[in-house]
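Every chain is named by a letter (A, B, C and D) in the order it is written, and numbering of its residues begins at 1.
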Amino acid sequence: MIGGGPDAFIGAVHRIAANLDGQIELVCGAFSSQAEKSKAMGKSLFLDRSRSYSSYTEMIEREKRLPEGERMDFVSIVTPNHIHFDPAKLALENGFHVIIDKPLTLTLTEAKQLKKVVEKTGLVLAVTHAYTGYPMVKEARQLVASGKIGKIRKVYVEYPQGWLSQPEEKTNNKQAAWRVDPKRAGLGGATGDIGTHAANLAEYITNSNIVELCSSLNSVVKGRLLDDDAAAFLKFDNDATGILVATQVASGQENNLCIKVYGDKGGLEWRQEEPNTLIVRSLDKPKEVYRAGMGYLSDAAKKAARVPSGHPEGYLEAFANVYMAFANAVRDYRPGKKINAAKYDFPDVEDGVRGMAFVEAMVKSSKSNQKWTTIKN
Amino acid sequence: MIGGGPDAFIGAVHRIAANLDGQIELVCGAFSSQAEKSKAMGKSLFLDRSRSYSSYTEMIEREKRLPEGERMDFVSIVTPNHIHFDPAKLALENGFHVIIDKPLTLTLTEAKQLKKVVEKTGLVLAVTHAYTGYPMVKEARQLVASGKIGKIRKVYVEYPQGWLSQPEEKTNNKQAAWRVDPKRAGLGGATGDIGTHAANLAEYITNSNIVELCSSLNSVVKGRLLDDDAAAFLKFDNDATGILVATQVASGQENNLCIKVYGDKGGLEWRQEEPNTLIVRSLDKPKEVYRAGMGYLSDAAKKAARVPSGHPEGYLEAFANVYMAFANAVRDYRPGKKINAAKYDFPDVEDGVRGMAFVEAMVKSSKSNQKWTTIKN
Amino acid sequence: MIGGGPDAFIGAVHRIAANLDGQIELVCGAFSSQAEKSKAMGKSLFLDRSRSYSSYTEMIEREKRLPEGERMDFVSIVTPNHIHFDPAKLALENGFHVIIDKPLTLTLTEAKQLKKVVEKTGLVLAVTHAYTGYPMVKEARQLVASGKIGKIRKVYVEYPQGWLSQPEEKTNNKQAAWRVDPKRAGLGGATGDIGTHAANLAEYITNSNIVELCSSLNSVVKGRLLDDDAAAFLKFDNDATGILVATQVASGQENNLCIKVYGDKGGLEWRQEEPNTLIVRSLDKPKEVYRAGMGYLSDAAKKAARVPSGHPEGYLEAFANVYMAFANAVRDYRPGKKINAAKYDFPDVEDGVRGMAFVEAMVKSSKSNQKWTTIKN
Amino acid sequence: MIGGGPDAFIGAVHRIAANLDGQIELVCGAFSSQAEKSKAMGKSLFLDRSRSYSSYTEMIEREKRLPEGERMDFVSIVTPNHIHFDPAKLALENGFHVIIDKPLTLTLTEAKQLKKVVEKTGLVLAVTHAYTGYPMVKEARQLVASGKIGKIRKVYVEYPQGWLSQPEEKTNNKQAAWRVDPKRAGLGGATGDIGTHAANLAEYITNSNIVELCSSLNSVVKGRLLDDDAAAFLKFDNDATGILVATQVASGQENNLCIKVYGDKGGLEWRQEEPNTLIVRSLDKPKEVYRAGMGYLSDAAKKAARVPSGHPEGYLEAFANVYMAFANAVRDYRPGKKINAAKYDFPDVEDGVRGMAFVEAMVKSSKSNQKWTTIKN
């Protein structure tokens, strides 16, 4: 693991998610750029002291020298966005698979470069768009594919948070500080942090791509350099249109990612804060409430649940599903063999590149007086 | 009453709403342009046969000749949009107050003309934006005014319906037929039919006006001349921004008008299908669920409820509240006295004009490559 | 109308409900035992001064002398329980139909006597168990009858209120005062006031009768002579068992009447505070959400709604449905003809008698050390 | 681990829960009474082959001989009820702490004996009443303790499931088979399987004990020897009364454990299927919705959450909280030192004994004609 020191939120999430199914073991880490801090963290995680490194370069170099079977199999990158590209590239080039937090990189240029490295090395890279790991998100994707709601016409996806309603970055909130800093977060604020999740979710469920958008980004809290509030009209490559909202100033909201998809025969609705429920609407029939763990679900949704219906699973389990899909691909990896991410069902480098292209287009469109901007990736 | 024959939906609603509180009595009507149909309708409503007229011109002329105290006090206009302006103008010019279904007229030009007639005659005109009649909508407006959620930053209003997902106008559905016909509905389809409600609701609750917008209108069902799906980014005159959605192709949705307003201290959420509940979010405090009929509500909300909390009131009661506010103004009317609609709390001709300007701007913006369009009224 | 003076809650409800559909007109009343108060009330309701009476005896006597077509058709009795029997009996014996608030009478003995008067006169008597007037309650009844959820096994009905959590009767709360007074309310407190509604609802939906029960009644607030909190195990004549809860000390609850019925194939759930929704569960299928106003509903449910789906109707409309069913029966009444309440779908004197027998059995069982008590009516 | 072979549901849950926080490592197991099956299971869990045992006696004996630091620290018992007592006793008597699925034992007699063994050995024993591990259940307990809802008056707890609506035990459903078999399940069916959870939850939140009850148990599905449907009136030692429902024939229900507690100042409501939400009602104030992960919660609730609010945690995390509390106690264990389960916040042997006494009283009361039965433990 690279990053994920004691104050990090997402590092702990990655560790629990990786660990949850008893299939992945944390064996080493460069948790902090301060050697002692990294050692201390490693100790608290029961790591061998020799495998808590003070930098990712050290870690990659040393681990590489360990015998196969003992050395780490892959690297988890859980640092802020500006420390994604370099460690990912280094790891891949040294033969380690990579799983990396979103957005993929700091810039679209980096993303495209990284994609080339992945293609060149043939190794597995996953981006943790964890929301696609929820059983009922998988069910939604299956229902769309099955034609249950007909030809898709409208996609509404919103991701309201309220935690940046006030200038948290001026308090001692590290999570806020780097997210509002262009040097560490990149071009997008809310757009990059949560907008990419929303866009990815929409594309995952509908199995189609956003190709054009018209956006409006705001820095609602005074003094912010990046957007803390974003919205866009969307055009998909299947002729559907939609709206995306990503805001961090929806005071009092927690993490209320919600998607509604309508076709000519019906509609779907899923909400992350109640993730085990999927609402399915039809013309002239009662609304149906699909529930995780039930026998009537698709195999994809069934496989993604660990306990019987009525025993709620949550964010960590969804995250763990991404890890497991990635781990399955890593297990099956053979040099020269091409890994099909869709088959394993994890977000890959292509999704990561698309995310960065989305951010770039959102920022560009918002500054433009022209209505529509094409996404280029 | 003008319009509201046996097949009409909104005519029946107006009658129940007017009647509900026992303060307004239906005394005459021109329910249909066919004399016998109008008579038959009047009979079923226990009207004196002599007061079921075959045209609104006849009705206005004859009623005018009846002695005061016997003749009708005001006219309800519940016809399709293209038959709003003429009867409203005629009624006003003959001394009758008017209550009229939304949108106010067929065109913005008509709307402005009608406003002049209202100003000239000094009579009372109400537009039935009935959703503003709900107790918890009134509470929302009061809470915004009180500063409970701080300075308003974001307004999200959506009005999804699904009933026009299929070409209903090609079946024998009269309600659908006129709504998709530019000659009878005007420039806007979904925009005029439900978008005006959404815009009015946003302006009512925030007590501020939409001044600029960037819209995207679609005719999703093939062959439709008007939009059946609309969305817009909004700018308000209080510097808030927002998003408005009005769609009639959200398959399986009923009438799910919903508004969320966020300020720097908190947020509000109200949904028409569960109208007796208002959700109030705050920074760092549990979400609160305000309920109609409770003692802690504002006077405006309390007055708008008829029964104790827990006894749900609905759409007809909200509609009746608009009628009662209008009726109170009519009662207080004295020639030469200016009626303050805000005091009585009903949507007036100015709201009606704003609605028409909104429709015009929505259509204009959607056709433009420029991002922003100003609303002119 | 008998009762329903200015402070009364249920009197106003009866008036709106009767009036709502424009089919019933209030023509006279004995609103108060004080002549001037009754006159004042009548005036505020636009009644002819001569038809505001100072007692129900006066009203019945005088109205009887008026010519047919002018005199009242029926009497609404909305007084506290101890003034139910006498006016109902007098009205019936003088040829007037009766609609009466629940519970039917002060005692079971009175109830049985009243039933005899109804049978003897052949007139129509309805008891306003208004919750049976909701469209989705009617749908629930139809679904049970249709076998949708199979053979009924379990019935859970609960009616929690919180308004008597504190000794409201010691404040100036007239509604509380008579309800906790055995002389005016009868044997049951919560049991009579809301338990009878819950029992009636369970019987209505399942179309079967409670035949035995085991109850536990409490006077939670010190000093109360009647129960403010009740519960019972139930046995039905179709071999189903169930639980009934009726409490007025569930602090913070409004009027949260809720019923769940399970058969061997599925289950139903309905909640009064969101009355337009009926949840239907099945074995191995997604939960379905039935909604008032939709095309897939039974005729009984469709007829009970006035507006399209998504336009919520509430308590007053449900109450009005009971009034309309009663009014239809009154219209069809011919001397000597037997009125079938089930066909018109209103709660009749038999339901009223059953309610009183239920109260008596609840009180008896609670005092007994034996587990089960038979309901005798 | 004892039990938890490939077909077991709860074994997998225990493993994930134990593993989730990276503090507990599975080192050995007797997963099946068939040696090869146990080995195969161990292999799939990455265990050293030598530590997959073919019986718990073998496991305890062999592990005991391993050096400290290498041998297992405690035993998880996840077998059906009839194989709880013997392995638990043996483990304790050989110096191993024990965590055991509920109900504690097959009979109350066994439970009392086991309690003596715990007391004699001074070791730690936890019973996995996992629902007490949810953050919002802990918050509920804290709110009751803080006086937020005043003196407790009413407790309603219900645990409806539908999975035994049909005779699943006659299909190849192992989970159903042993639960309906008195030899393996004990005296109680639904009562033991889920009723004990409901009773424990009620006692945990209110911090008081059920002392008397009046029950009604049914075997709804023909041919069952144990109850599949149970209910009871409850009396608590703090003078509160309540109702408990535990049924497995609520067709279509999943695992809808729900508790409502009312005091003289307010009420609480929590539902396991949406576990991150706690509803708090007050007199004359809006209902509040407390949410897991928020800053305003008690320390107990905060500590029990791993991720920020809005990232739902579920059943496995709650279960893991019980494991972590137990593990903390095990870590702090020193011979001769008394472990205070309440401080660590896990259900202990006393809770287990109370559960068995509850089952016995439920069955006894149901057979009795007398209303009330005392719980003796």
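The definition used in the following text is that a contact is a pair of C-beta atoms (placed from the backbone, for glycine too) under 8 Å apart; a residue touches a chain by one contact, two chains touch by 3 or more.
It should be emphasised that the depicted structure is a prediction, and the values quoted were computed from it without experimental measurement.
Student: Which neighbours do chain B and chain C have in common?
Tutor: A, D
Student: Using only Cα atoms to place each chain's centre, name the chain farthest from chain B.
Tutor: D
Student: Just curious, how far off is chain C from chain A if you go by their C-alpha centres, in Å?
Tutor: Taking the average C-alpha coordinate of chain A and of chain C, the gap between them is 55 Å.
Student: Counting in whole Å, what is the centre-to-centre distance of chain C and chain D, each centre being its mean C-alpha position?
Tutor: One centre to the other, that is 43 Å.
Student: Mark out which residues of chain A touch at least two other chains, giving numbers and ranges.
Tutor: Those would be 253, 285, 287, 291, 294.
Student: Along chain B, where are the residues that touch chain D in the complex?
Tutor: Interface residues on chain B, with respect to chain D: 280, 284-291, 294-296.
Student: Give the list of chain B residues in touch with chain C in this complex.
Tutor: Against chain C, chain B makes touches at 9, 12-13, 15-16, 19-22, 26, 45-46, 161, 163, 253-256, 272-276, 291, 293-294, 306-317.
Student: Where on chain A is chain B touching in the complex?
Tutor: Listed in rising order, the residues of chain A that touch chain B are 149-150, 153-154, 156, 158, 160, 162, 165-166, 214, 216, 218, 220, 229, 231, 233, 241, 243, 245, 247, 249-253, 260, 262-267, 281-283, 285, 287, 368-372.
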